[in-house]
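Scrolling down, you'll hit the structures one after another.
Next come two complexes built around subunit A: one with subunit B, the other with subunit C.
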Partner chain A sequence: MYLKELCELNGISGNEKPVRDFIVEHLKQQVDEYKIDKIGNLIVRKQSSDGLAGDTETKRAPVVLLAAHMDEVGLLITEITGEGFLKFATVGGIDPQILISKTVLCGNNIPGVIGCKAIHLQKREERKQTLSINDLYIDIGAGSKEEAEKNVKIGDYVAFASEFAEFGSGLFKAKAFDDRAGCAIIMEIMADRYPCSLVGAFTVQEEVGLRGSKVVSNYVQADLAIIIEATAARDTTEKREEEWVVELGKGPACSLMDALTIYKPELIARISDLAREKGIPLQFRRGTAAANDAGNLHLAGSGIPSITLSIPCRNIHSMNSLISKQDYENCLALVRLILNKCHTLI
Partner chain B sequence: MAENMTLDYKFLKELTESFGPSGNEKQVAALIRAYAENFVDSSETDTLGNLILSKNGAGNKDQAAGKKKIMIAAHMDEVGLIVTYIDRHGYLYFSPVGGIKEAELPGRRVMFGSGLKGVVARERKKNEQGKPMGKCFIDIGVNGEEKAREKVKEGDMAVLSGEFVETESHIIAKALDNRVGCFIALQVLKNYQGEHDLYVVFTVQEEVGARGAKTAAFEIEPDLALIIDTTISYDTPKEEYRTAANKGVAIKAMDRTIIVSPKIKQWMTDTAQRHGIPYQCEVISAGGTDSGPVHLTKGGIATGGLAVPVRYLHTASEVAAKADIEAAYALLSELVKNPPEI
Partner chain C sequence: MDLYRNSLELAQEIITQLSPAWGVSGYEHTLKPVLKDIFNRFPVEITDDFRGNLYIQKNGNQNTQTVMLAAHQDEIGLMVNYIDSLGMVHFANVGGLDQRTLLNQEVVIHSREAVRGIISLLAKEKGVSSSKSILLEELVIDTGYSAEKVAELIQPGDIISIVRRPLTLLNQKIAGKALDDRAGIAVMAVCINELTRINHRHRVVAVATVQEEVGLRGAVTGTERLKPEIAVAIDVTHAQTPDSKAQVNNQLGKGPVLALGPNINPQIYQGLKTAAEENHIPYQIEAVAGPTGTDARVIQLVGEGIPTGLLSIPLRYMHTSVETVSLGDIVDSGKLLAHYIASLPEDLEELSCI
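The block that comes next holds the complex of A and B.
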């Protein structure tokens, strides 16, 4: 399993190279070809088990596109103050409340702690308000602006410092499951051959507006696209079950509709039948907000029928996200099943 | 007007009564395909579900010799609801599909693709000011979750139910946005005998962001695209007059997603004037139609937009004036006969 190593690499949107290098290193012997496009997406290709390429006109194997994004959310240094503190912007969607007092790695792995005014010093009114990004700063223990500038510069990325761990009964804890979990699954898939030709797209800059997949959609062609994602689990704080979106431990979540894609009802029905026949748990993502690379990929060229399978994730977009090991394995099993049965789906 | 344009609205009734929320347009497509079977040269459905009908032009086969590909697009989809959760009592929780206001739904009847009917209600929860703040749900009149699951599942969509009413001068119906555009495009195609190849695309998923038109335009790559849709009618009491019912077909100048080229706009208004067709100009700062993605396809496609003003858009009772429908039909028929040099 590549999940631990992938999650511990830092690859904030626009700076995905460490993740891409890792994937290339491990997949280059297993795939037939790979290329990196101009925006940084990694595309790998693997022919079908009967040796048929996906793009030959006669006796053509179906082509299945598997997509996951390599980037994760993080921070970017925007200013170094006179005292040597670092002001920052968020890259991707981050709730400022989760940042306070957390450890981070700035630029070239310079450790830092995110600081704010201590509760003792906050005025009564301030205590009632939530803190915004502007109230926070990164402390790298520098005594002055000059000292800070020796270690970091404006524009450096800042990543969450967080190690992968097994947690509780069958949970994993790490940063960046969104979407290294998807990357890890595609990497495992690429070890084998299937009755379809595979195109693996490891995309960049999903978290800042699906930018990498926009470029992929300009050149990729496929008969089916499977987008593998992590999605926000809301199975804890909301009391009412009808407000939950997905639950941990109930299998991968199949999207019905999100902000940018309506998934084909016929395709979803066939996939949920397939999962039921083989006893793989599958849940539906009950929210319709947010979006993923499917938004671009399903409209590529004259259209690619697409599905999104997501691994439910608590505390998503934070340094300590949680997923269920079983959900990961069931998602992998379902993707394998879909690839083996893709003739019946397309 | 140039000719007597009395249209037979029977087929519009069938169109508006059929079921087609975004992503579930199959029933509408089947209805249109069957209607057009005998007068088109080709008929195909693409990956997203767009229905593409075409008639070959009588002109020279050689495109270089001036034969053009003209595309008319009209979206088939309507706004609706998608079931996201079924509770133990058999009530269905949902999200809106397209621009539909939850606050206006309680008390409304809805209809599923299977013909199943239901009514929208709201949880009784109220906020401190006494305003209802509970979630809306659909009651399909069953005892418990198990019974509900025999009829419906997560992901199923519903649309608003509404009876079709034809008065002397107006049409009242659900889904006039944009079955009226489909109706007009289909009548134009039926009677078309021009020089150029005419493609009429009945697009999917316009209400959620003009998605079908993007792939259809990519596939067809027309020389000229004309989009027929509906627009807001501002002629109800206490509203400022902008586009309004009974003032003619609206010719698009601008919305959030397109600025129509002056040349195309001029050609459209000139054509309307020459044939005595009443028209008005549409400028809106919000919203967009299929014309947005279409004009940006590939190297760019010359694109114009026409619309029928409709009152109470995205409700079960949309109202359009027959005179505007006939004006839109007349203008679109003339436009495809004489496309401009591009």
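The block that comes next holds the complex of A and C.
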């Protein structure tokens, strides 16, 4: 399993190189070809088990596109203050509230902390208000602006300092499951051959507006696209079950509709039947908010029938996200099943 | 004692060992072996009391009178108060804590076994403004266990501590949890290390006090037990940050902060200041207009009144898990205390006459 290593790499949107290098390093012997496009997406290809290339006109094996994004949310240094503190912006959707009293790694692994004014110094009213990004800054211990500038520069990316760990009963804890979980699954899939030709798209800049997959959609063609994602689970609030969206441990979540894609009901029904027949748990994503790379990929060329399978994830976009190991494995099993049965789906 | 010629290394080692260790107010027992391990390297006698105060005694040449040093070992934390039907653990604070520093923080619940957890936010009620800060009641600890397993493992009253490994920043600065006041304990260790090679007359008893964060309780009984002639409390004080410029003058890395004001015996303040000047140790001054928020506040009132001083270590982001101190300040504080102790007159009763 590549999940631990993938999650511990830092690859904030626009700076996916460490993740891409890792994937290339581990997949180059296992795939038939790979290329990196000009925005940084990594595309790998693997022929079908019967040796038919996806693009052969006559006896054509179906082509299945598997997509996951390499980037994660993080911070970007925007200013070094006169006293050597670092001001920053968020890259992707981060609730600033999670940053307070946390540790980070800036640029070339310079450790830093994000604190806040001590409770003793706050007025009662201050503590009732949320702190915004403008109130926060990173402290790397620099004694002056000059010293800070020797260690970091404006435009450096900042990642959450966080380690992967086993957690509770059968959970994993880490940052960046969104979407290294998807990357890890596609990497595992690429070790084998299937009765379809595979195109693996490891995309960039998903968290800042699905920008990598827009480029992929300009040149990729496929008969089916499977987008493998992580999605927010809010299943820890006892009284608000209608807002849980998905639950940990109930299997991968199949999207029905999100902000950019309406998934084909017939396709969903067939996949749902397939999962039920084989006893793989599957849940539906009970919500329509947010979007993912499917928004671009399902509109590629004359359109690609698409599904999104997501690993439910608590505290998504944070340093301490949680997923279920079983959900990960069931998602992998379901993707394998779909690839093996893709003739019946297309 | 050539082992610790380098006080900076000693300070770093102690902070690295003490900061991540657990010891929430009232539950400091897990710290005792760590503290004993730290102070056993010196020629000292270590005793404790039923409450958990640890007394580290370094004898002097004359040894008829006692100088008490006090730094508190306890840290702020949380306590389980309710477990809901999903197995999410609700909690209250122990000590003064800003709930806004807790979101998605990793913690350990000290139940029959140590259970790891992540603090998560409950769904907000509809219509709550996003500019209103989160409330303690809206936070729960997610252990990743089923409700049944949580009920089996955890019960209300279990104590919870924050997880943070210390992080070394630039300029020999170090960030972590509980540096308030484990940095003070490191100062006492540096001081004792220095006293192994400086002649001093008086018995020095360094006390790692308990329950400071919930009302300076350990220091009261500790001082009663010792009945010292004089005492110096060692605690942290706010160091200036960009958001506290109008409120704070002390600077991180500019040396120990000497307090003065009604809580402080003026002769002890003067003695510390003179020792700093004579030994070329940088120092800062903080005037506190009433009782300080440290063990000095209660030590001064024991018995017939104890002449009390206060030496503070500048610290940023107090009561967060990223409290930041300068190792240089810790070393300077320890050295200053040692030189001060060595400079004390033969009869400490002289200091009582204000």
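Annotations
In this text, the second predicted complex is superposed on the first by the 345 of 346 C-alpha atoms of A that agree within 3 Å, B and C clash if a C-alpha of one lies under 4 Å from a C-alpha of the other, contacts with A are read in each partner's own complex, and residues count from 1 in each chain.
As a convention for this text, a residue touches a chain if its C-beta (ideal position, glycine included) is under 8 Å from a C-beta of that chain, and two chains touch if they have at least 3 such contacts.
Worth saying up front: this structure is predicted, and the values here are computed from it rather than measured.
Superposition note: with subunit A as the common reference, subunit B and subunit C can be accommodated side by side. Set against each other, subunit B and subunit C differ in how many residues of subunit A they touch, and the higher count belongs to C. When the shared chain is aligned, no partner comes close enough to touch A:N218: not subunit B, not subunit C. Once chain A of one complex is fitted onto chain A of the other, the partner contacts of A:G141 are limited to subunit C, with no touch recorded for subunit B.
Angle at subunit A (Cα centre) between the Cα centres of subunit B and subunit C in the superposed arrangement: 130°, in steps of 10. Legend: residue contacts after superposition of the two complexes on their common chain; A:P265 is shown touching subunit B, with no touch to subunit C. In the superposition on chain A, contact of A:P111 is made with subunit C only, not with subunit B. In the superposition on chain A, contact is made by A:G287 with subunit B only, not with subunit C. When the two complexes are overlaid on their common chain A, residue A:S302 makes contact with subunit B while staying clear of subunit C. Contacts of A:T344 after superposition: neither subunit B nor subunit C is touched. Superposition on chain A leaves subunit B and subunit C with their closest Cα atoms 8 Å from each other.
Contact residues of subunit A toward subunit B in the complex are 241-242, 256-257, 260, 262-265, 268, 284, 286-288, 298-299, 301-305.
Those residues of subunit A that touch subunit C in the complex are listed here as 81, 83, 85, 95, 97-98, 100-103, 110-122, 127-131, 135, 137, 139-143, 147, 151, 161, 165, 167-171, 173, 234-238, 240, 243, 314-315, 318-320, 322.
Residues 22-24, 46-49, 82, 84-85, 87, 93, 95, 97, 135, 154-156, 205, 208-209, 211, 214-216, 218-219 of subunit B are the ones that touch subunit A when the two sit in their complex.
Against subunit A, in their complex, subunit C makes its touches with residues 84-86, 88, 96-98, 100-106, 116, 118, 120-123, 130-134, 140, 142-146, 149, 164, 167-171, 173, 175, 238, 241-244, 247-248, 253, 293, 316-324.
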